[in-house]
Structures are given as structure tokens and as C-alpha cells.
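Sending over a structure as C-alpha cells; questions will come in a sec.
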Amino acid sequence: MTEVRGLATASLTKAFGGVVALDGATVEFRHGQVNALIGPNGSGKTTFFNCVTGMIRPDSGQTTYRGRDITRKAPHAIVRAGVGRTFQLCRVFPRMTALDNVLAAVRPAGLPGLLRGARARTEVDRARGWLTRLGIEHLADVEARNMSWGQQKLLELAGVLMGDPETVLLDEPAGGVNPALLDRIGTLVRELNAEGRTFVIVEHNMDLVMSVSDHIVVFDRGRPIAEGPPSLIRSDERVLGAYLGV
Amino acid sequence: MPSGALLFQSVILGLLLGGLYALLAAGLTLYFGIMRVVMIAHSAFLILAAYLAWWSHSRLGVDPLLSMIVTVPLFFGCGVLLQRLLLARLRPVTLTMMSVLLTFAIAVTIEGLLGYAFTGTQRRIQLGYGSASFGLFGARIAVVKLIAFGLAAVALLTLYLLMKKTTFGWALRATIQHRDAARLVGIETERIAGYGFGIGLATAAVGGTALALDTTIYPSLHWHWIGPLMAIIVVGGLGSVPGAAMAAMVLGLAQSLLQIPLGTTWAQTIFYLALFATLAFRPQGFFGGRLAQRF
Amino acid sequence: MTTRYRRMQWMTALGVTTTLALGACGGGGESSTSDDSIVIGISLPLTGDFSEPGKGVQRGYEAWAKITNENGGLLGRQVELKILDDQSNADRVVADYEQLIGQDQVDLVVGPFSTRLVVPAARVAEEYGMLFVEPAGAAKEVFEQGFKNLFYAAPAVANDHYNHLADYLLALPEDQRPKTAAYAAMDDPFAQGTAYGLKEKLEAAGIRTLVNEVYPPNTTDFGSIAAKIAASKADIVVGGSQYQDGVNLIVALQQLQYQPKLAAFSTAPTNPEFAAAIGNKTEGILSPTGYAQDAPYPSNQEFVQKYTAQFGSAPEEDEANAYTTGQVVAAAVTAVGCAEQGECQQKLVDWVRNNTVETVVGPLSWDETGKPKGAHMIQQWLGGEIKIVLPANAKEADLVYPKPAW
Amino acid sequence: MAIARRPVGRIVQVAMVLVLAAAVLSFPALAPNPYILSAGVVVLNYAVLSTSWNFVGGFTGYISLGHGALAGLGAYGTALLVTRAGLPSFVALVVAALLVAALAVPIGFAALRVRGASFVIVSIALVLILLLVFQSWASLTGGSRGLVVPRPFPGLLRPEHHRVFYFLFAALLGLALLAWWLIDRSRFGLGLKAIREDEDKAEALGTPTFAYKLVVFVVSAGFTGLAGGLYALWFGDLDPVFQFSILTGSYMVLMALLGGVRNLFGPLVGALVVGIALEYFKVEFGDTQLHLVATGVLLALVVLFMPDGVLPAIGGLLNRVFRPAQNSIREVTAAQLRDQRAAEAEAREPVDAAAGRREGAR
């Protein structure tokens, strides 16, 4: 399993003014598994995500995916390389229907592809397939802004999956959702992982983290301080120290 | 090859002009820093202040400098109201775009009202010391230009001290740099933002008075100012007040010197060339200002 | 986007278009004026950049209509002006003349203000075959468009304004003649034309050009231009100016204590507010003018008198040019005996082309391009008053050269 | 959308297009005099301009105040190619439009690389710099003396000239609308709309946002250049002051916003309204500058209260007033949401969520 090198970073550093958000973070995620990234607030998890996905440029360091350097690539190019993501505060296109939200992730090839109708049969079927799988098919023609928070989170996930990424980064999938939905998301992650997708999840909800992940990386002050399977992390003193601030 | 005297004269004129640009660009930068708003109406208010100075001189017989006693507080109030009543109403998602349209609309409205009240005739304050000057190493410096420069310098210095030395300045800088963080440490960012706008507009009042001393004014003159000012704030790095002041001095000087070989019209293009070059090669500006990266 | 929403848009689009089409049907045909008066259509810049002179022209036309009607009208019919505002905009001026000729069916049209607006306006008149006498298109480009119906109702085009001054300077003895000159002109066909007319003649006579500056109409700070002129130490300075830019340039030159032997500026120095605007430091400034209130032409006295009674101040050049335009049209209408659209217009054109008209600015006649065959008088500020100094047969005082310090 | 695919909806739509086209095309026959006809040409010109503007403004949400400059470039380009290079009028028109589109690439590169504010600044600067250049470069452009464009059909009388150009403008409008419609329904259009909604998110879904924005800006510039060039051939006299006027660009924005930027026909309707309103202001406020005030106040009101357009706002209002039985789409959703809530039987934290989203948007 670990022969294939997936998403990895080397000495990633990023400072905002005087605040160092990432301090030489070197991480390698397990390809083909569900990875979790945890750590106290302000430990640099979201900045790490943003650097890895090209949304912000690191001051120094390197990101590789399957051995290829993707550090300076534009976000859309990183998506094309196979790494998709969701946002911490769930971002959907508010004034587009759910179906269009998902269809927006279609990546047309060449000029003819660009000019084809956005609602070509095959893509619509695929998009509806994802909506169905996430249980929001009945909302296909509803504008996203009229959907509930939980529905929007599912919709965002559907959009990311429509792009068929090999590796999916989820930024706080459990944030603000109810327990029933939380279970659904957990199950979904396991299912999709079984189908061959790698996950990296930033999450505060320890129940979710411990139940779904195979491998956990703990962040503190902009760098990883521990990693290992859930059982190990649960008993790691450094992790406890980081969370309690001692 | 232009003579040394002409070069020296041009440098002096350029510095005097750059001072005025610096003051006005500082105001424009302040708005951008506070709310990410490109305030198109800034120069319209500038012309409005100039008209008020002209009006108080020609109709009331008051020295134009005294008109600032009224215009500066008045404009401060306008700025606060503008921010609180109009700009704060806009949806945050589309704020940048819609605020441009809104301030554009305000600029057009002011231009129309000025035209209605004072007609399109070009106006100029007729001062007793209008053509007085004194010599400096072979160059001549007009008294009115020096007064205008002095006004700009004093206003800029006041702004600087206000920003650096007072509690309010601290709150304002915090609001500009990180609004959410500022709110967390107990700053009422909405109120501070309103005051910041007021101060920005007050610079237009001072600048307008300075402008009225030595140039002609007419209602549509503001278009002539907004272009160079926008170029200055981009070159200086959007959101950076010292950057804007530096860029203003440099570009003002460049404009003045380029007039010797190129003539008045072509010399003005330096602002826009600098603007395009900055955006194409160094979007964050040349004098600091990290905000620009995101906008 | 819902279907209903879309449909709404469609309905509105359809509705508005239909309304417009219906409006078009109803809007035409009727003319608001009574049949027995002669309606003269004019578009003027009453707002916008040219509004100040535009209003002067308007007063001139109104004075002419009033005086003409008091004297019994034209062909026994009353004269009625229909004035539209073109907002100093070329799109508008064309639309206005389209409206005046096509929809309002006016009997005659006369010209607008500013060269920039005259050419597009003249094209409309030309293509509808209307006589087009105009008070303001003085730049030579106006007469290079091949217009056959256009006539400029003033003594001379811009390039000829300084002709008398050029003759005077070139007639000076060799040792007194200026050697060098500096020119600054607004980027405007009229203003530039005046300065360049003189420049061409002086350059041909060997007077070197040291500075030749063109500034855009919106220039407000003349410090740099003045610095260049002052640094050149040219013997004479010539400004191709309108009003305010001329004032600014003179003040900026005075700030630099530049003292030329001769300073000539178009338009600005003849303005009644000029002396006050530059702090009364006017001594020796020259200016060409096409009109003088005390000029001895027969109709001028009536004009000045009645105009002053009507508006409370004496007429200036813009007003006089508009009045002159009216006089030219009136002369043609009276001689030909008709005033309506159609064949009559060509007769009017032919008459104006072949005759000389007595006006408040003197007798006027035109060449085949519509260019008047005259020259401007030159005035000079002497002892706080502006006086005619050239040509010799009209002078009120002698030209002072070199001029005293200002 | 789902309903639109039903055959009846389709037929109604097609019928409406035909009626609309018939109304536009029959106008010259109904116009009682050349003046009305020329006014029709002006309105069509506005409509083409604002539709062209809407390629950028409507799809991506980037507001350009400088499209007037692109039209001016098209006009001067056409005129100069005719007078200096001796090209036939309509060849010159197409070449000029292509040149404008090509020039839009570096302009777009500088303007679109960074977000929002700099785009507006560049768009305004574009107008001001081109005014300076065309004014100063008098040896090429004629400067303030203006440039006369030879008539493409020298034999035509003026009313006929208007008639021919009315149809030419109508054809160009049709072309622009067709292109807008094609993009609107394409994947490209969906990507652009995603950019309008949330640019970061679109990028994170794999849309090359910069390339998309640049392409649509170039398309928009091309159509604007065509409109400007056709105007030059129709009008015949060019002057930098009028061609490179900041007001032209602002009228385009006003027209598109009034009609609604998300609609195919929004800018067309806006052009009709603004065209008539400008006449009205002029008549009403006569020889004062109040027409500027009216324009400014109107724009401010639209921006503050009806940023989606006046007609959509009125449409929404009418819908609520006259069809209370048939719920609006929003109410349908609310109902569905209630069902959803009942099904999940769970209290949520919509307030926190909404607050969180606002923070995120800043």
C-alpha cells in the first residue's frame, strides 16, 4: 500500500506578517487510506490545506503528489493532478441550482468541449448520480442558497466528487452538522475509500476522526508533532500536551 | 538638452505637485484599506471643496484658507455618513464592484450638482498674492503653490501622527490589518471604519482648498484627478499609506520632468504606464502593501 | 433561473419594443409651431464643456430674433427660434439637427457653437440640402470637408486672426524685429489655429520658434509650460487660448517674472473679467478680435443698444457672431423671397455665395468653401483699457512695442 | 429550467423570439421620419454595446467602466484602416474588431490577474489613457480636429443611410445575443457563472479561472469593437473627447444593470429604457446639469436596492402580488426545507452557519 507515494510536503513554511502559520511542515500522507489532520485551533491546519491546494503560496518548501512537484501550480492544475478539496466554511455557488453546482466541476476538454451544452446527458446523469448517493437528489433544481447548512455541505462534497479526484481533502466535514448527518458522512468516507479514494480530513470532532481514519497526523504551531494510527495517537502525551497547552 | 535652471524649476514644481498628490492618495488609500473600496468620488469631493473655497472667497470675501474651518468638519461628517448609511449597506460578497458603481454614481451626482449651482464656467480664485513669487537658487517658487504644498504637508503629518500616536490610530490600523482580530480585541470596527472614511474625506477638503489656490476649477475636473490618483495607489501598493505618498512624490516628479521633452499631454501618460506595468509585473505594488495580492 | 422569470423578461422586452414602435408612429408629423412664422432650428451647447460660450451664442440669436420681429419680421412673417441643447456632445448635435429638420420641419437651420460640433452638424444640414450659416466653426478644417452649403459668419477664420499683427512685426526695422518666439496653444482646432496662423508667417520670415507647446483643454496647472517658456527667454510669446487657460498661463508666466517684448493671447484678453482675473497686470497684452462694440458699421449701433437693453450688458464676440449669422440668413431670405425646406434652400445658398452682406462686424463675403475673406482687428491693453491698435485705419491708439513690463 | 425543456415552453420561447425580431425589424417601416429612425439606430447601438458589456459583467460579475474605450478603439481602428490603409469599409470593421480583441489580451492580463478592484481601476484608466493618446497623437488620429470616416455607401441619401445601418445594427445585435445565448448554455458559461458566484471555489473545482475570464473579456472586447466600428461608419465624425468618454462606459453598466445582467435580453431592455430616459431627462431638465444628477441618483438607487436589475426586481414583485397561489421558487424551497427538517427531526444552527459564511466571504 505505501509503495505508491501520494500527497507529501517537505519543509512547508508560511508566515503572515510576523505570525508563522507553517513552520517547516514535512508530512507524508498514506496513499489509499483515510488520513486525518488534527491539532488545536491556530495550529496551521487550514493554512496547510491552502498551501497544498495552491490557494496561497508558501514562502518556502515543497509539495509533491505522486512524486511530481505541484508547489507552484495554480489551484485548478492541482485539481487536475488529482487532489480535490472542500472548504472549512462550506462553499457552494449560492445562486446556482444544486445540479449546476455539481456540473460546474465538469472539466471540459478543448474548445468543442467548452462550447458543448452544459447539460449534456452523460454528465447530468453522472451529476444526478452523485446527488442521489449523497441523498439530495430531490433538491437538484433548488438554488444552493435556499438549502440548509447540512445540505450545502453534502452538495459541496458532491461537487468535489464530480471532479473524480483520487485524493480528497475535507476541511472540517463535521463542522456544524447534526449527528445523523455526521454518521452519513462517516459511512460515505469509508465507502469511497473502499472504492480506492484517498482522504485527508481536518477535523475537530474526535469521534469522527477516530472512527474513520487509518492514519492521524497531529499539528501544533505549524508543524507535525506526532503521527500514527488512532490507537497510538489516543495515548500520545505530546498530543495531549498540545491540546491542553502544556 | 534643457538648461539646468529649467530642470531645477521642474523638480521644484514636481515636488510641489507631488505633495498634493500624496495627500489625496493618502485619503484614497485609507478607504481601500478600511473597506476594500475604490472611492471614485474622492476627487469629486476634492472639486466640491475647491468650489466651496472659491465660493467663500468670491461671494463672502473670506480668504479661501478659512473655508477649511467649515469644509473639513463637514467632509468628515459626510465621510462617516457615506460609510455608515451607504457603503455598509452593500452585500460583502459584491462589495468591491458595487462600491465602485455607488461611488461613481456619487461622483456623477456631485458633478451634476456643481454644474447646476455654479454652471460649467471655469473658475479661479483671484488672490492679491496670486502671481507673487520668490527666487530660490535661480528657480521661482510661487507663493500660492508653496502654501498649497504646506497645507498638504501639514495634513499628511497630522494624518501620520494620528495613525501612529493615538489610540484611535491604533484601532484604525488594527481594523485595516485584520478586521476580525480587531473585533476580537474589543475594537468597534464599524464605528472606526466610519471615522476612517471621515478622515479620508477630510483630506479631500484640505486638498480641494489647496487646489483652488492656484488652478482653475470646473465641475468635470474630477475625472482629470481620479486617474492619476488611482494609478498612484496601485503603484504604491493598495492599502499602504506611506507607499501611496512615496509613489505620489515619484510620479509627480516624473510627470513634471517628462513635460520638458514630451509636452503636457504625453507626460500625463506616465501615470497609466506605471499603473499597467505595476499590475502586470508586480501586482502588490512597489512600496509595500501586502493587501494588493488578494485584490 | 426559473422559466416564469425568463418569460417575464421576454414580456417586458416585447412590451417596451412595441411601445417604442407605437411611439414612433404617433410621435411624428405634427409640428408645434404655427404656420405663418418662420421657424429657425438651432442646437447649442447649453450644458457641458462649451456651455459658457454656447449661452453667449444663444443670447446673440435671441437678440437677433427680437430685433428682427420688432422691425416687422422676415417676409412679413414673425421669426421663431427653436433651440435644443446638445450638451456639448457630437452625438447629440447630430441627433438635434436630425430632429429639427426631419421631425420638427423647421424652415431654416443655423449653426451651433465650437468647431468640434460644427462639422458633424454641418454634415447633417448638407445632406438634407439646408443652408448652414454658422457663428463658431473658425478652424480651417471646417472648410476642408467639401461642404457646399456652409458659411462662417465672422470676419476671418482662426488662422487669419493675427494677420495684421504679423504684417506689423515683419514691417519693423531689422534691428527691432523679434528674433525668437514661444507658442503655447490649447489642443482645440480654433485656439490652435490662431497661434499657428501667426507661427507660420513668423517662421517663414526667419523668427525662430523656441517653444511650441500644446496642452489639452482640461489643463489646469500651467506651471510647467510657463517654466519652459520663461527658460527659453523668447522675445515674444503667443498664446492660442480660450478664456481661462489664457488667464492661467499669463499668471503662471508672471509668477516666473518672465518679461517678453510682446505677449499676444487669443480670446481671453477681450473678456470683461480679464483684468480682474490676472490682478490688473495687463499692461501691453495683445489680442485679436472680430468684433468691437464701438465699430462704426450701420447695424452695430442698433445691436449694441437693444442688446444692452435686453440683457443688461454689452454684447461680446460670441453674441455678435450669432447676431451676424442671423443677419446673413435674413439678408438671403429677404433677397430670395422664400424660407422653407426644399428648393428654396439651394437658392439661398446661391445668393449667399454671390453676395456681400452688411453686418455688425462689417461687410462679409465668402469664397467657394464658405470661408470669409477678412481679417481680425488687433487690440492692446494700454493704461488699464483695451484699445484697437491695428489695422491703422481703425486704430484707437498706437501699438506699443516692446511692451512695458507686466 | 426543468420546465423549459417541455415542448410547450420551447414553442412559446421561439414564438417570442420571432415576435421580438419582427418588432425590431418592422421599426424602420413604422418610423415616420428619419429622425426617429436615427434615434432607433442610437438605441440599437446602445443595445449592442451593453449586450457586449454583459459578456464580462453578466457572466463573471467583473464590472468594467472602461468598455467605452474599447468601442472608441473599434471606431478609430475602423476609421483609420479605411482612411490610412485604404481597406474597404466592412473589411476594416472586422479587422479593427479583431485588433481590439487582440489588444484586450494584454489589457486583460494586467487587469484580471488580480481580483476585483484592480480590474475596475484598469478599466477606468484605459479610458483616460486612450483619450490622452488619441488626443495627442494628432498626426495619426487627427487629434482634436477629429477624424472623418468616409461613408461606406456614398450614393445613399441620409434617410436610406439610417435605414441600412439600422438593419446592420440589428444584425449585429442578433449576433451578439446569439453568442451570449450559446455561452450561457455551455459548459464554458457554467464555469464563468461559477466564477461570478465564488472565484476561489471555482478554481478549487478545477476551473482555470484566469483563462476563462481572459477569454470572455476578449470576446466582449471584440463585440464592443464591432459596435464601435459600425457606429463610426454610420456616424462619420470621430472626436477623441466623445469616443473615449467615461460616461459611455457608465451608461453601458447602467443599461445592463437596469435590465438585469443575468438575462439574455436584460441589456437590450436596459438600452431601451436608458435611451428613452436620457431623452426624457434632457427635455425635462433642459439646459441644466441635472440630467447628470438624475443619472447618478438612478445608478445609486439601482446599486443600493436592486443590484440584480430593476426589471427582475419588478418581475419578482409582480409574481408575489399576482400569483400568491403559485409559490415562488423560494417558497417552494422553504416548504421542502420544512419537510426536510421534519424528516431529520433535528434542530440546526442556521444562524451560526449564516454568520460563519459571512465571515468566510470577507
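Think of it as A, B, C and D in the order they're written, each chain with its own count starting at 1.
One rule holds for everything that comes next: a residue touches a chain if its C-beta (ideal position, glycine included) is under 8 Å from a C-beta of that chain, and two chains touch if they have at least 3 such contacts.
All values reported here derive from a predicted model rather than from experimental measurement.
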{"item": "Fewest touching-chain hops separating chain C from chain D", "value": "1"}
{"item": "Identity of the most central chain, Cα criterion", "value": "D"}
{"item": "Between B-C and B-D, the pair joined by more C-beta contacts", "value": "B-D"}
{"item": "Distance from chain C to chain A - Cα centre to Cα centre, in angstrom", "value": "72"}
{"item": "Chain centre separation (chain B, chain D; CA means) in Å", "value": "32"}
{"item": "Geometric centre distance via CA averages, chain B-chain A, whole Å", "value": "45"}
{"item": "Rounded Å distance, chain B centre to chain C centre (Cα mean)", "value": "37"}
{"item": "In chain B, residues with contacts to at least two other chains", "value": "115, 120, 263, 265"}
{"item": "Sequence positions of chain D contacting 2 or more other chains", "value": "1, 132, 135-136, 288-289, 291, 329, 359"}
{"item": "Shared interface positions of chain C, touching two or more other chains", "value": "47-49, 51, 187, 214, 216"}
{"item": "Residue numbers on chain C that touch chain D, as the complex places them", "value": "1-10, 12-14, 16-18, 20-21, 24-25, 27-29, 46-49, 51, 85, 87, 89-91, 94-95, 98-99, 101-103, 115-116, 119-120, 123-124, 127-128, 139, 141, 145, 187-189, 192, 214, 216-217"}
{"item": "Partner chain D, residues of chain B touching it in the complex", "value": "32, 36, 38, 40, 86, 89-94, 96-98, 100-102, 104-116, 120, 179-180, 219, 223, 226-227, 230-231, 234, 238, 263, 265-266, 268-269, 271-273, 275-276, 279-280, 283, 292-295"}
{"item": "Residues of chain C defined as touching chain B within the complex", "value": "47-49, 51-52, 187, 213-216, 218-221, 223-225, 227-228, 230-231, 243-245, 247-248, 251-252, 254-257, 276-279, 281"}
{"item": "Interface residues, chain D side, partner chain B - complex", "value": "61-63, 65, 106, 109-111, 113-118, 120-122, 124-125, 128-129, 132-133, 135-136, 246-247, 250, 253, 257, 288-300, 303-304, 307, 358-359, 361-362"}
{"item": "Chain A - residues contacting chain D, complex", "value": "53, 55, 74-77, 79-80, 84-85, 87-97, 100, 103-108, 113-119, 138-139, 141-143, 146-151, 159-160, 163, 176, 178-181"}
